[in-house]
Amino acid sequence: MSVTATALAPGRPARATVRWSRRAVGALAFAALIELVSRTGLADREFLPPATEIVARMGTLALDPAFRAHALTSLLAWAVGLGLAAVAAVPLGLLLGSVPVVDAATRSVVEFLRPIPSVALIPLVALVIGTGLQLRISLVVYASLWPILYNTMYGLRGVDPLAKESLRSYGFGPLSVLLRVSLPSSAPFITTGVRLAAGIALILTVSTEIVAGRGEGMGVFIYFAGIAVPARMTDILAGVCWVGLFGVAVNALLVAFERRAFRWHHARLGEQT
Amino acid sequence: MLEIDNLSHVYGAGTPNEHRAIEGLNLSVAEGELLCIVGPSGCGKSTLLRSIAGLISPTGGQVKVEGNLVRQTPDNLAVVFQDYSRSLFPWMSVADNVALPLRRRGMDKKARREAAMEALESVGLSGAERKYPFQLSGGMQQRVAIARALAYRPTLMLMDEPFGSVDAQTREDLEDLVLKVRGHHQMTIVLITHDIDESVYVGDRVVVLSKAPAHVVGDLKVDLPEPRDQITTREHPDFVHLRAEVGRLVRGHAAVV
Amino acid sequence: ACSSGGGTTASAPPAAASGGLEKTKIKVATLPAIDSAALYVAIDQGLFEKEGLEVTPQVVQAAPEAIPMMLNGEIDAMFGNYVSMFQAQDKGTLKLRILAEGSRAAPDSLSIMVLPTSPIKTPKDLEGKTINVNVLHNFQELALTQVLKANNVDPASIKYVQVTFQNIMPSWKGGQIDAAYLGEPMVTAATSTMGARKILDPASGPAAEFPISGYVSTQEWYDKNPHVAAAFQRAIHNAAKLMENNREVVSKVLPTFTQIDAATAATVTFPYFSSSDNPVRLQRVADWMLEARWLTKAIEVKTLMSPTTSG
Amino acid sequence: MKATAEVAAPARVARRPRAAARRRGVRTTAFRWLVLAVLVLLWEVATRVAGSAFFPTPGTIVTRMQAMWFSGPPQRLFLSDVAVQNILPSLGRMAVGFAGGALAGVVLGLAVGLSARVYDYLDGVLQFLRAVPPPALVTVFLVVFGFGLRMQLAFIMFSIVWPVLLNTADGARAVEPLHLQTCQVFRLSRAERLWLVVLPSALPKMFAGLRLALSLSLIVMVFSELLPGTTNGIGFQLTEAYSMFDLPAMWAAIVLLGVLGYLLNEVFLVVERRVLGWHRAAQEPVG
Amino acid sequence: MLEIDNLSHVYGAGTPNEHRAIEGLNLSVAEGELLCIVGPSGCGKSTLLRSIAGLISPTGGQVKVEGNLVRQTPDNLAVVFQDYSRSLFPWMSVADNVALPLRRRGMDKKARREAAMEALESVGLSGAERKYPFQLSGGMQQRVAIARALAYRPTLMLMDEPFGSVDAQTREDLEDLVLKVRGHHQMTIVLITHDIDESVYVGDRVVVLSKAPAHVVGDLKVDLPEPRDQITTREHPDFVHLRAEVGRLVRGHAAVV
């Protein structure tokens, strides 16, 4: 159970079964809400089918090899994009976060580039590097770079100065201090950045496929379901739900990783292991 | 070994919270000497220590270690910080914390580990090496910080109230440990303490600082028979005399009036 | 296969060999819409093969997206609507070459429709109303403007909003657009399932047989591959001829590249597929665009077109 | 007199570092502009050499921006009618969307970060929603929120809430345990703990999220202006320009977005510096 | 006032780092009493304090304050933590830090501010109220933490090595301050210290804990004449005797052997 619960509402940590059943309750409540909105006609059923139908369709889609191929392509683009973003953003964040001159020099450029929407870039990127998987991947990298970069930079700021001084006093240079103190100390927050980026990367993969998609991909599947007459809303939402579920799974994996890798962090904050 | 020449430090110059911590402080420490610094709370002792370690650049005067002007941290220096709990790395086990600086010594993993274990044992912490700092009591954390500095075998060791959080017996043991290590490894040690008895017992010299802005108001040579001993030394008439002397000097400059 | 001409593939018919094709494999971007059907029919019926060409279609969502692909050589040619193409030509984005005409609006293949309960009864009632288009400043607007003028309706009073294909139905039912500008197969679907009423055919009167899209390449590509271009044109025209009296060949290919199922494919209204090129009717499009100030200068369409080589 | 001399001395000492800091500030600013100027120059050269219609020169772009947006009367800050009709509504949408999304993110983030129970109930659903690609949900948004502004705002909020939420939750969860214990000992009420302790210590991380959300809101604003029913806005102009192959106009919109993003970020940093003054000072290595 | 009954606490039960900190500890403190606790470093003193404050729930036994079982923090309790620097809020000025708990006292802003200023003055920190914790020396931070607890006027005050980081003179002043406040406001105080002299000087009773797992190995009533005085009390023969007694008990259980 989380720390602050101990602090704000002292009590025993909930057991894993309780926690999972709570999650199930949350998910069911959400599904029930959609079911209700759809069945009562609050929203046009044609455009927002009931949850049960969506879930049923998800089941049949899972067995459909064509859909699985779509999913696999998307995941590949997602994984490569996110990986590249992390590999680029963490060192960059360390550099910008620890050398103020570089930060100052590049800030105008970085802040100028950041708010440029990737849709606007699609034709330009397509022209320069082509329209295959590399287009998707580069857009994914472009969008998911920022959360990791910023969380790295802000994470560095939160490092206890005394911890840094300790290492400095033993004659370690700035680089060692960065790698041995600043990086581990801000690692939990950087990982939060990666979790954020994972979500953004997923959204971007699918969105790019929807906007510029051809070939394979979940987005392509969703796009084609959308241009059918009438639009196959159940297909769209079932596809979307698979994407969402994948997001949940990725997040759960990352959280589990955090718990293992940063035991010191969670334990110190009072979490019971 | 260490020369401090007309040192001054002003915090937050130009802000409403401007504070002159040190002003016109002169001090020199010979090789192998163990200098104790006492002075009223908030007078500027830690500031002085940070200047020596090159962690802050003083706003005036200069510090020389082994003849070199201190601009960044001098080589072969170790510091035991007053705020020991924050100076330990929470993501490392106790053993790793102690072994970390030894990387600078070019030791391999095994050698580092052994040195760390030895240092931990010397401060009475064998058995705690696998724990994380937050799993230790305050006094144990302080001893980890001491062990880290000892394992490093510095030529100049700066200790800021290093025995403040341990019980009387352990404190005496640690005092003797420092004396022993100093003898073995030819260390120069600057030790800040509030315990007047301690300053006289471990010091070759005791320097008393004034209240802020700090400067030297007393500099006493401690000429007690070596080796020192917790019982006989403390009963020595010179000890009693020196301790009263230091006490008088400190009391003349206390923080609460 | 061989990169240079000569049609060395075993199955290449003699016609190809004599044509001296510069290359035999080409990629063409198409749209997942009925208008692209000629290309698929030509593939399906072996018409390209007969010319010694192997054509790979690449479905894209909209023409503007294919232009970068064409410019960087990922594709050889593309199927696109003239309005976009002429705008690109006008802005210097592209040096255009029209390889073959593609589709023209047939009666009832486009339609301005309203829901059964709507107060809009005549074209005149459309004044001041909101109508959807797929993309602003495109052929839909261009054609409708002419037809409205002919019907004594002030075209400037119409509010166009851009609504993606998928969202036309919800916006229409939700009352956010007053009348829907539909193409096939939505016209058929809206009539049969919602009882929607047709107010106006945008492809009538002055805009009858309005040319919508064609197959284009860059001028540069055309200069390098004149024989391929000619062979391609022949195959497309031949396909169009085949399609003129034979719904079957079209219905058969539709489900392979659009989201139209076989049942719908059998009933929808097709556009006209051009079996020859005609600079005169195409010039109309450019002229209207200039009139609407969508072009900065006049385009002489004839200079962009290839000589018709098909029978 | 002695007293005056004593007062004067620290003042003299004081001025020195301050002036130095100012000089440093001037130097970095100059440096920044220099870097920018060099990059723009390179851009100009590169585009001239390439000569591609897709990549107009910065000169062309700026001329176009000026003609399109900044050719208005001086009393309207030179904003043209086109600017007033497009830039202002966009900024309005963005501001409301950002405010709403940020608020929701902070509130939800605190709830999730502070209460294990709320976390358990909401975690799954929130993570699910976070991964859902908004463009695929346009139809659902349309059905639920209707056309136009409401849907655009919902869209922006839905997209930017996540970085704020996650970072806030992380910050709220990482409060120094001894701080919370201190609160507990002194029996501070929940509200006081939240307001006086949890919030301030989560602020630095929250700001990281807010900063991300700020430029994200600019991006999503553009997205939202591609949604059905939009009739104005920078995003609208951008797509219109693109569909007409008016590449200088498209680049003008891109550059405008970049400039807006830069300015907003500078404003943000000023606010951050005020709010997080203690944090910066406390983190600065002494001296 | 305070009843501790067969208290035990095990950290990390079932993990490789399992540690029995307290076992079978019994203790009771009367209303208005000032109890000093001494014991070897790492024996479990802070753990005991946390159990009394309801910050951890002990794994065995029970703690009662004013007859009520401690489940959460009892009312009118103040703690001065051993890790004082971490218990101050870095985003608040010194005055705000001290005034914070007074919100629970239903005081208005002005009254809170006044009470804070008064408490700061009593610990020798008037003039520092506008500063932030990181701008203070270690000893000053510790005094802020003490001022915060004092301003709160608790009925039960728990202090974990509260005077560890201040100079000798200030320490004596603070000891007298605690004695004075206790007399004025009928506080019950539990004070952990490593300074044996201090424990005898301020305590009505001194409890000595064994090394881990901690339990009570000595419980001495201090019957020295009131009011106590830094010079005369410390010269009193009973003082000298008691101090030796406590020293012997502690030494029998030191951490370093």
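Letters A, B, C, D and E mark the chains as written, and numbering starts fresh at 1 in each.
Convention: contacts are C-beta pairs under 8 Å (C-beta built on N, C-alpha and C of every residue); 3 or more make two chains touch, one makes a residue touch a chain.
Only a predicted model underlies this, so the values are computations on that prediction, with no experimental measurement involved.
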Tell me, which chains sit next to both subunit A and subunit C? D
Identity of the chain that, by mean CA position, is farthest from subunit B: C
Per the definition of touch at the top, where is the C-beta contact count highest among chain pairs? A-D
Cα centroid separation between subunit A and subunit E, in whole Å? 47
Could you give the separation in Å between the centres of subunit B and subunit C, each centre being the mean of its C-alpha atoms? 84
What's the distance between the Cα centroids of subunit A and subunit D, rounded to whole Å? 19
Multi-chain contacts in subunit E: which residues touch at least two other chains? 12, 54, 72, 83, 86
Got the subunit C residues that touch at least 2 other chains? 64, 67-68, 71, 164, 166, 170, 174
Where subunit D touches two or more other chains at once, by residue number: 54, 139, 142-143, 181, 184, 226, 242, 279, 282, 285-286
List of subunit E residues in touch with subunit D within their complex: 53-55, 72-73, 75, 77-79, 81, 83, 86-87, 89-92, 100-101, 103-104, 132-134, 152
Provide the residue numbers of subunit C that touch subunit A in the complex, in ascending order. 32, 58-61, 64-65, 67-69, 71-72, 74, 164-166, 169-170, 173-174, 185-186, 189, 193, 258-260, 264
Subunit B touches which residues of subunit E in the complex? 11-12, 16-17, 19, 38-46, 82-83, 85-86, 123-124, 130-131, 135-140, 143, 160-161, 164-171, 173-174, 194-196, 247, 250-251, 254-257
Please output the residues of subunit A touching subunit C within their complex, sorted ascending. 44, 46-47, 122-124, 126-128, 130-131, 211-214, 223-231
Going by the contact rule at the top, pick out the subunit D residues touching subunit E in the complex. 176, 178-179, 181-182, 184-189, 192, 196-197, 200-201, 203, 278-279, 281-282
